[in-house]
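The same chain A turns up in both complexes below, where it pairs with chain B and then with chain C.
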Partner chain A sequence: MPLHLQKRLPKRWGEAILTFLVGAISWSMLVALAGVVGFLVYRGGKVLSWEFLTTPMREGMQAGGIAPPLVGSLWVVTLALLVGALLGTATGAYLSEFSPKGRLHRLIELLVNTLAGIPSVVYGLFGLALFVVALGWGASILSGALTLSLLSLPILIRNAQEAFSGVSPDLKLASIGMGASPAQTFWRITLRLAIPRLITGYVLAMGRLLGETAPILFTVAAYYLPTYPQSPLEPTMMLPYHLYALITSGTNVARTYPMAFGTALVLVGITLLLTTIAAILRFRLKKQLHV
Partner chain B sequence: MYKLQAQSVSVWYGTHQALYDVSLALERNHILALIGPSGCGKSTFLRLFNRMNDFIPGFRLTGKVLIDGEDIYAPSVDAVLLRRRVGMVFQKPTPFPFSIYENVAYGLRLQNRLPEKLIRERVGQALQQAALWDEVKDKLKKPALSLSGGQQQRLCIARALAVRPSLILMDEPTSALDPISTAKIEELLADLKRAYTIVIVTHNMQQAARISDYTAFFKDGHLIEYGRTKDFFTNPQHPETLRYITGRFG
Partner chain C sequence: MRDKLTIGAFRASALTIILALGGIMLFLFREGVPALTKEPFEGLVFAVHPQNPVRRLSADECRALFQKSLTWSEVGGPAVSPLPIHLYNLELYVGSQASLERIRSFLDSVAQLPGILVALPRAWVPASLRPVEVRWSAWEALFGRVRWSPTYEPLPEVGIWPLLLGSLWVTFLALLITLPLGVIMAIYTAEFLPKGLYYPMKVLWEVVAGLPSVVVGFWGLVVLVPWLQKAFHLHTGETALAAALLLGWMTIPLMASLVEEALSHVPRLLVEASYGLGATPWQTILRVKLPAIRSALLTATLLSAGRILGETMIVLIVSGNAPLLPTSPLSPVRTLPATLAAELGEAPVGSYHYHTLFLLGLILFLLTLALNILAYAITPSEKTA
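So, the complex of A and B:
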């Protein structure tokens, strides 16, 4: 009996159209991203220079660089990430590996989901009330960093939960079967194998925190302070707020607009850089761990 | 004294009863094969002996499970310490993504700091006992995942042996392996019997007949028949057993 392999199947139009649509939409996303970056480069590219990145602003923000907000942003975000990663990873580990899956577990999950839905300006207000006023730390790097770390918690908890529960249950059971306690299994197997995904999450969270504006407004960001912070209890300039200041408060738009676009370009550039680093790290660590 | 004993053991998961009043006993240095259709309770029974069922929500047990005469579900027993005395090999090979050496050393490193010299010795011995030494002795630092499936399973056996357990549990250890690897592991079991007591779950009745001294047949949570393997397959006492081993269901 002949197999009729050469016989054409009826064309599946629905499938073809769907494939085309999905493809077109993903390409248009890429075009949109390229458009944004291209526009920033076009408007702000010419102010970019080594000097722009490494010197303070001069002449009431109409000249000079963005070094103080750049340094300030990196300070605050790094500190926020340290605190957020520690708390978020610990909470994620508890939820994914240790908590009895009962009422308390569901309550914490509900709280985390609720936290994720709170507008970031509310976090700013909370940081103002707690860190700036009640604890008396004033508008400072510490207050701002802690506020941002709260904002990053839901993302980091989710990320840690997914990283830990993504580790093969067979390996966890094998470890338990070897006579490892749950804690030993966590340190020796689960945490070790979750590291690539954890780090990816940290770096992506850092990228997100860098762009946050509302939570830093009342808690740390200075409008004009062309010096570098000497202690975590001092305020500092930060990139997103500096961008806002350049756009809204300049009297000489011809000079400040290009600087604003340059600042935005630096912000986007750092985020893209972090995303790339996350991808590379993840790939390398995965290879090293053979997972 | 028997190496292991189950005395009227019944097990529930929530409201579902998985084992009904199971009693059996096994002497040391013997191999016990557990057979029966899927869902008959043989894996549940196997995992009673290292308390791996403890993690399943709703797990409840009545009756007694004894190893060397000691009730392992007594409140004073630490399940973690118990698992260090009872080795387990799973259906799928589960090497950790470490080096071959570190895999075998895993159980040893869980205990209080042993000198590296002793660990090296034990790793070597365990790999020899698991008949893997000649194949890996020159690449102990290589990742365990670079080994073939059969080698990985023997590595898992070596990993279990390194802590010198008093009992070894195997849950269908060859069902994911090719015939040659299976034959190697069966050969290995015959050797290991001299030093260890082994309980093995298998889907393969020929395997049970080839390797075990005693066979227990489970169905729907009941222990239908238990006896010396040679009598079990030549002269089964229970009609259900006859039906199963002649392949009429399962």
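So, the complex of A and C:
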């Protein structure tokens, strides 16, 4: 291993202490995360039950379960992911495999970076102005899902780019060399080999989208609607907004807070599960790439 | 044929990105700009008693008269106290014809009083009253005032400084946490972390960055806010500091991973030269590596600032939401995104309030855009260096 890549341990006392401190600070991140999640498990675990997950809320929001927001969240996020994955993967494929590396390529990459930097609440504003008002879809699953799919595009495009460019060029060249057209090479070789990484990206994006609150506030989320959506043009409750409503409605904190802790635990549980799986998968795949 | 179809479809989807960003900008401008060109009291007529010599009022004077914090004599009127009446959408809220008639006769009778000041739809202004001109300057109202009270009728107060400065204040405080801790974690991860723990650390970062902000905000409200209240003996722990602590913490992973990546790309020549001269690992880090990634540090800071600036839910939940100019880390603040999230749901589509909120969104968008463009403009110089 080259010298500059070796991890060198400090030999002086002062430096050793400094290193220890820096390490302690770094791992305190884990402590803090455990603190947040542990607290939610401790407080939310008490209300968590099969019934909590599968029944609608009752008595305002002070009793019962969280099935409608749970189902609503899954609906919206799944729909958003379908649209986002289709557009994102195709765009990623274009950028990574087909586009001439010219001005247009640079422009699109710049725009993707720009989109990634836009605050999520601004996406919510756009969704409100376009889908809800201008197109007249109202606050509905469709409006919310399309808003979220826009939000997910930068993550999904970058992920697809990485996935496709991660496929060994030897294989692509071999395919071209055997007379396959670029499109054939893409469909038969590149896409198939990129699938694990693509799926990782979808899982990661799903985790992110499930936790998003600001973009759904005005485009889809209903404050109190203990039924299940029948069509994509209906509004629905969603988990993050339900949690926010529970925190802030505050007419009877002694009864709404336990519900809030349960909701927070479910939300954090699902997103943590998805992000952790995706992150682990991703780093596994990255390791393989470097071998 | 199939090739053309595939590539054509992919190109089309790439072009939707241009469409998406264009659409976002178009709609922010379309809905935000009317806040600069329209008047909040569109469709209303202001009128006074015919013997009242006042012909013109500034928006501030008129509002003060409505709030009775100003008397007529102070604006050159009669020595009576103002008697403001503001009604609108009467047909919408009053059902029966008889009630409408009663309101009309009531208005006709109060029109005799010398202190009268009405803001009414044209058709409802009693014929005996004389209209006054109320001058509204959107720029002055938005950028020259420091009070945010956008639902006050008929003359809202839409000074955006409390919100803008609130946003900048919280971002600044949060960066004080993100910047040092992010750099420290990046140094540790790049330089000292045992190899087997590298990926677990990266997973930890991903997980923290992926926590739903509404959950972090809730945790802050239940744990951090009461703690701050006790520690600093405050009336409420819902302060800029609470928001900054949580935001700063959540943004550490972004900062750390950007810096860590830059650290791992420091040219080996520099590092080996440093070790060759007998420098210790820490001397190399502090005197060679960190100076070498100066511009990457700036980029990472700008990107983190952009992320913090746009965060909505945490601030909405823990910062107290008082639209006041921030004076200390312990004052409650309200930020641009939090204002959007809190008020847009209640602003009727197309109302002045609605347009004002879109203008705030436009300002937020332009701020983050500027930060991002700046960040990417700095980056390439790193690679050529």
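By definition in this document, the second predicted complex is superposed on the first by the 248 of 291 C-alpha atoms of A that agree within 3 Å, B and C clash if a C-alpha of one lies under 4 Å from a C-alpha of the other, contacts with A are read in each partner's own complex, and residues count from 1 in each chain.
Just so it is clear, a residue touches a chain if its C-beta (ideal position, glycine included) is under 8 Å from a C-beta of that chain, and two chains touch if they have at least 3 such contacts.
It should be emphasised that the depicted structure is a prediction, and the values quoted were computed from it without experimental measurement.
Shared-chain residue A:N113: touches chain C; no touch with chain B.
In the superposition on chain A, A:D170 makes contact with chain B only, not with chain C. In the superposition on chain A, A:L193 makes contact with chain B only, while chain C stays out of contact range. By the touch criterion stated above, A:S249 is placed in contact with neither chain B nor chain C.
Legend: residue contacts after superposition of the two complexes on their common chain; A:L210 is shown touching chain C, with no touch to chain B. With both structures placed on the common chain, the touch criterion links A:S181 to chain B and to chain C. 181, 184 are the residues of chain A that lie in the contact sets of both chain B and chain C, per the superposition on chain A.
By the touch criterion given at the top, residues 101, 168, 170-171, 173-181, 184, 188-189, 193, 289-291 of chain A touch chain B in their complex.
Interface of chain B with chain A (complex): residues 50, 52, 55, 57, 80-85, 87-88, 90, 92, 94, 96-97, 106-107, 110, 143, 145, 156, 159-160, 163. Those residues of chain C that touch chain A in the complex are listed here as 2-3, 5-7, 9-11, 13-14, 16-18, 20-21, 23-24, 27-28, 30-31, 181, 184-185, 187-189, 191-195, 199, 201-208, 210-219, 221-223, 249, 252, 268, 271-272, 275, 280-282, 303, 306-307, 309-313, 316-317, 337, 340-341, 344-345, 349, 357-358, 361, 364-365, 368-369, 371-373, 376. Put simply, chain A touches chain C in their complex at residues 2-5, 7-12, 15, 18-19, 22-23, 25-26, 29-30, 32-33, 36, 39-40, 43, 86-87, 90-91, 93-95, 98-99, 107-108, 110-115, 117-126, 128-130, 133-134, 150, 153, 157, 181-184, 186-187, 204, 207-208, 210-214, 217-218, 240, 243-244, 247-248, 257, 260, 264, 267-268, 271-272, 275-276, 278-280, 283, 287.
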